[in-house]
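Both complexes below contain chain A, partnered by chain B and then by chain C.
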Partner chain A sequence: MEVEQLTGNLLQGLVLGAVYGMATMGLSLIFGVLRIVNVGHGAFIMVGAFITLWLFNAFGINPLLAIPFAFMFGMGLGLIFYYAAIRKLRNAPELATLLVTFSFGILLEEVVKFIFGSEFRGYNWIVGKVNLGVTVLPMSKMYACFGSALVALLLYLWFNKTRAGVAMRSVVQDSEGARVCGVNVGGVYAFSFALGIGLTVVSGVMLTMFIPVGINPYMGGGYTLKAFVIAVLGGLSSPYGAFFGGLIFGLIENGSYTLFALIPGVEPFAMTRFLSFAMLLIILLIKPTGLLSTK
Partner chain B sequence: MEVAMKRKYFKTLFIIFTLFLFIVSGYANAAARSPDKIQIGHPACLSGKYAKAGEQAVGGIKACINWVNNVYGGVKIKGGKVPLVYKFYDSESKKESVTSLIARLITVDKVNVIFSPYSSGLTLRGAPITESRRMLYMDHGGANNKIFQQGFRYIVQTIGPASRYHEGTLDMIRMIDPKAKRVALAYEDSEFGKMVMDGAEKHSKKLGFDIVFQRTYPKGVTDLTPLLSALKSSKPDIVLGGGHFEDGQLFNRQMADLDINVNALSLIAAATLPAFYEALTNMAEGVMGPSHWEYGVKYSTEEAKKAGIDWIGPSQEEFVDYFKKAVGKDIVPDYHAAEAGAQVLAYVKAVENANSLNSDKVRKALGKLKFMSFYGNWEIDETGLQIGHSMVDAQWQNSKRVIVWPIEAQTGEAYYPMPTFSDKSKGKVAVPE
Partner chain C sequence: MYKVLTVKDLESGYGSMQVLWKPSLQVKEGTITSLLGPNGVGKSTLLVTVFGSIEPWNGRIYFGDQDVTNLPSHKKVEMGLALAPEGKHLFPKMSVYENLSMGAYRKKALAHKEESLKLVYTLFPRLKERKNQMAGSMSGGEQQMLTIGRALMTKPRLIMLDEPSQGLAPKLVGEVFETIKKMKEEIGLTILLVEQNASASLDAADYVYIMHEGLIKAEGKPEEIKGSPEIREAYLGM
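Right, the complex of A and B next:
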């Protein structure tokens, strides 16, 4: 029975992990290119969740179709924030960018609260289930998982196979050298920030496909914490590394529950949280650049 | 000369004695005279995290005060009829504000009783202040039993204690389905959640149920899949759980995702709220939740007569009308309003029985008080814990909340067993034939 449960939980963890990975890619991309830690990361995830909720409840739009809309909205939001504040703070002390991104988060939370209120909301998208024997997976979760994997793949191809992607990598490696070679470094920074925010907002759509309830203006906080752990796992500045970090995190989070449940007197959930953050601490001590980093 | 001196001496004595009699009789008259007003002090939660519950509570208190002053004619004390005056400030749902506002209400505003703020945490925070000043402290928002295990003498509860939240649900299932045996308990890892779980565990065992699963989950949880997978493998007939609104939503949703079909599912704090059904739609059909009060309960003067208990206060419809006028909105009061309103009635009845505003005397009278109102029964034990009031159980039936328990309050029969999630996804609703 425990083996069956463990297998079921690992499968669920893999699906959830893909979504976690997607939710971290934007954070890693922004850190990788601009060296800025987006402390308001979770608030952008929340924006994506509200876009899905609004489109579904008001117009009956399928959450899958909300993805391009959320991406464009996120890119626009990213460009506004970049030109309004980030551009001027590119060379400012780290504390300044930390405070600015923190204030972005607060700003977004309060605007969304003003428009939608602070209640916990949800939507009910029924698209069938797959019974795998050891567990049952709703199709909405499968879409979120495969959608996240597809985005990670596209990002990888874009970085490695397109001129724009190569230009972005060149800025990461040596911004002065890239400038000398004719790369519009300022434009790359703006586009990277916008892309990072766009991906994060899309991850909000994916997360509601996994968990379509509990949508509220302050839902992002918990995901920000998890995203930092996953970013460290995935190598901090590598967006597709973050995707694999998410998979590992999901597997550990769900799989360890079954194992901790075998210990008498232990509340497994309390231990899975402990394990996640103990893991972060150990990785930072052993390999501060991140577990999957090549540096 | 000596005679003159003596006369002067007796004259002085006479004046002093007369003055003494005058003062004493003045004091005696004042004590016998009814007061001009009776002031209720309240550190309300009108903003911050408990603003919604706080607004309801203030509306409920105002509604019942208006009923007492305008329909009942005032509080009968020392031969007079005295109006109630409501003095409240916004505590912003903050602990530090609660303590300072209670001190202000007692020392500056000279109120006669303090009504607690919403939530167990804030109620507990105010208790030492009222105790140290020997002030009666009436609790309509703190359900945690631990408040009443601290040895406080002046606190009295109207809201039902956490340990009794799921008693009614279990009683009802035992009556409907004597064969149901396997109970799973999964509550939030909080003081409140654990208190409800302890009560449910004890009552399950008392009724002969087997506890086949018992675990907690942390606050702010975003995925319950691992816990629910383990719960599923324990094959329960009945699932009781929850903690707050957000995890209640998640609990129901993920039970649907994992196809965990049980005869009954009851979730505290979430399942009775309209937003629960709005988010889950059909997936919430047949799901139950305990509530302190629901609009539509059948408590009435006739029910009180049948039970041989005194009735006090407005009818349910009168209360709703007064509430709407008090808040200035066309909204139906929820249980936060009802329990706060019922507390006004308990205080009024106790003051009349004690014929005094002295906290010790009123507390003693509250200890002996037993009555029914639109809110249901009211009775406390020696610690001040509410033992008379029964929770009602509401069930979602065709997108409406139907009160299914207790029998004296029910507006419809329970749908049992709950439809499967597969049937619900095809549009089946939980309407009894």
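Right, the complex of A and C next:
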């Protein structure tokens, strides 16, 4: 019985993990190309969640159709923030970019609170369920999982097969080397930041497909922390490493939930949080460049 | 003779620290022009400012007749200005071949990729042997060759070489200078060479500038520099 429950939970974990991975790719991309840690990461996820909520509740638009809209909106937001602040801070000390991205997060939270208020919201998208034998999953979760995997695959192909993707890879490996080859490094920075934010906002759409409740302006904080753990798992500067990091994280989170639930007197949800940060600490101690990195 | 590069009263630096204090120089077509001086006098800063990795504060840079002072680097590469930078800046997780391919990134260079590749492999047969090896796993000398080869892949008119002999064994230093001379004589490239190795550069160069504390202190044909004990003693330590 417990084995079956564990398998079911692990499967759920894998599905959630794909979404977690998707929610970290933007963070890794921006760190890889620009060497900037986006501390306001979770706020951009929150923006994606509100876009989905607003489109669904106000116009009845299917969350899947919210994806392209969220992506364009995120790209635009990323470009505005890049040209407004990040560009001038390219060579500034790290603290400056940390403070700026932190303030982006607060700015977004307060603007969203101003527009939508601070109460918890949700939406109800009914698209049926799918029986996977050991567990039953709503179709919306399956869409979120496969949508995330598809985005990761597209990003991988784009990185490896297109001229612009190769330019970005070269900047990740050595920006001055890329400049010497005639790559428009400033352009790559702007585009990567926009793409990273676009992906992050889209992941907000995916996450609400998974958990369509609890949407509020301050929901991003927990995701920022999880994204940091996943990014470190995936090797920090590799977006598809982050995707696999997300899968592992989802498995561990859900698997450990089942196990902790067996121990009497233990609150399993709190323990999974503890475990994820214990993991972060241990990885940083053993392999600070990230578990899946090749360095 | 046609001037490929003209630098006039250039000023630049890092943060608030000024490094270049109005040096001026010219590079004539088909020559090796050497910029000499001890460590830390601004030679590399001059190259990266000309290339556009850092912004000039003041002064002018002309490529041919065109004012390129505030042009971004990728446009300069397109015009035919190449840099083999100090510290190599290769792509460590790409193979030798992929590194060279990156050199042909601009569309103009891409159109000549095959012939450029042939040329690089003729100049550096070693790179052909190692074309599938990761750049990060090669020896210092091979990486140096790859840095120059990658710059050649951009199909340049003027190639700026920053310390190509740095950190190499004496035997390899000779080889590198032979190749540089070949690049001028057989391919007809124009070369701006930054070096600390004064004697080897004096032998290879057609014209020499001596840099000190961010400006040009002396210039002349190599014979003139060699013939002046004051210059040699004051700036070259030989």
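The working rule: the second predicted complex is superposed on the first by the 293 of 295 C-alpha atoms of A that agree within 3 Å, B and C clash if a C-alpha of one lies under 4 Å from a C-alpha of the other, contacts with A are read in each partner's own complex, and residues count from 1 in each chain.
Everything below uses one rule, namely that contacts are C-beta pairs under 8 Å (C-beta built on N, C-alpha and C of every residue); 3 or more make two chains touch, one makes a residue touch a chain.
All values derive from a computational prediction rather than experimental measurement.
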First (chain B), second (chain C), both or neither touched by A:268: first
Touched partner set for A:141, first chain B, second chain C, both or neither: first
Partner chain(s) touched by A:160 [first = chain B, second = chain C, both, neither]: neither
Contacts of A:9 with chain B and chain C, given as first, second, both or neither: first
Partner chain in contact with A:179 - chain B first, chain C second, else both or neither: second
Which of chain B and chain C A:170 touches, first, second, both or neither: second
Between chain B and chain C, more extensive residue contact with chain A: B
Footprint overlap on chain A, where chain B in one structure and chain C in the other make contact: none
Residue numbers on chain C that touch chain A, as the complex places them: 51-53, 72-74, 77-78, 82-85, 87-94, 102-103, 105-106, 109, 150-151, 153-154
Residues of chain B that touch chain A when the two form their complex: 189, 215-218, 220-223, 225-227, 229-230, 233, 245-246, 249-250, 253-254, 257-259, 275, 278-283, 425
List of chain A residues in touch with chain B within their complex: 1, 4-5, 8-9, 12, 16, 119-124, 126, 129, 131, 135-136, 138, 141, 211-214, 216, 222-223, 253-254, 257-258, 261, 267-270, 272-273
Residues on chain A engaged by chain C in the complex (per definition of touch): 163, 166-167, 170, 173-174, 176-186, 294
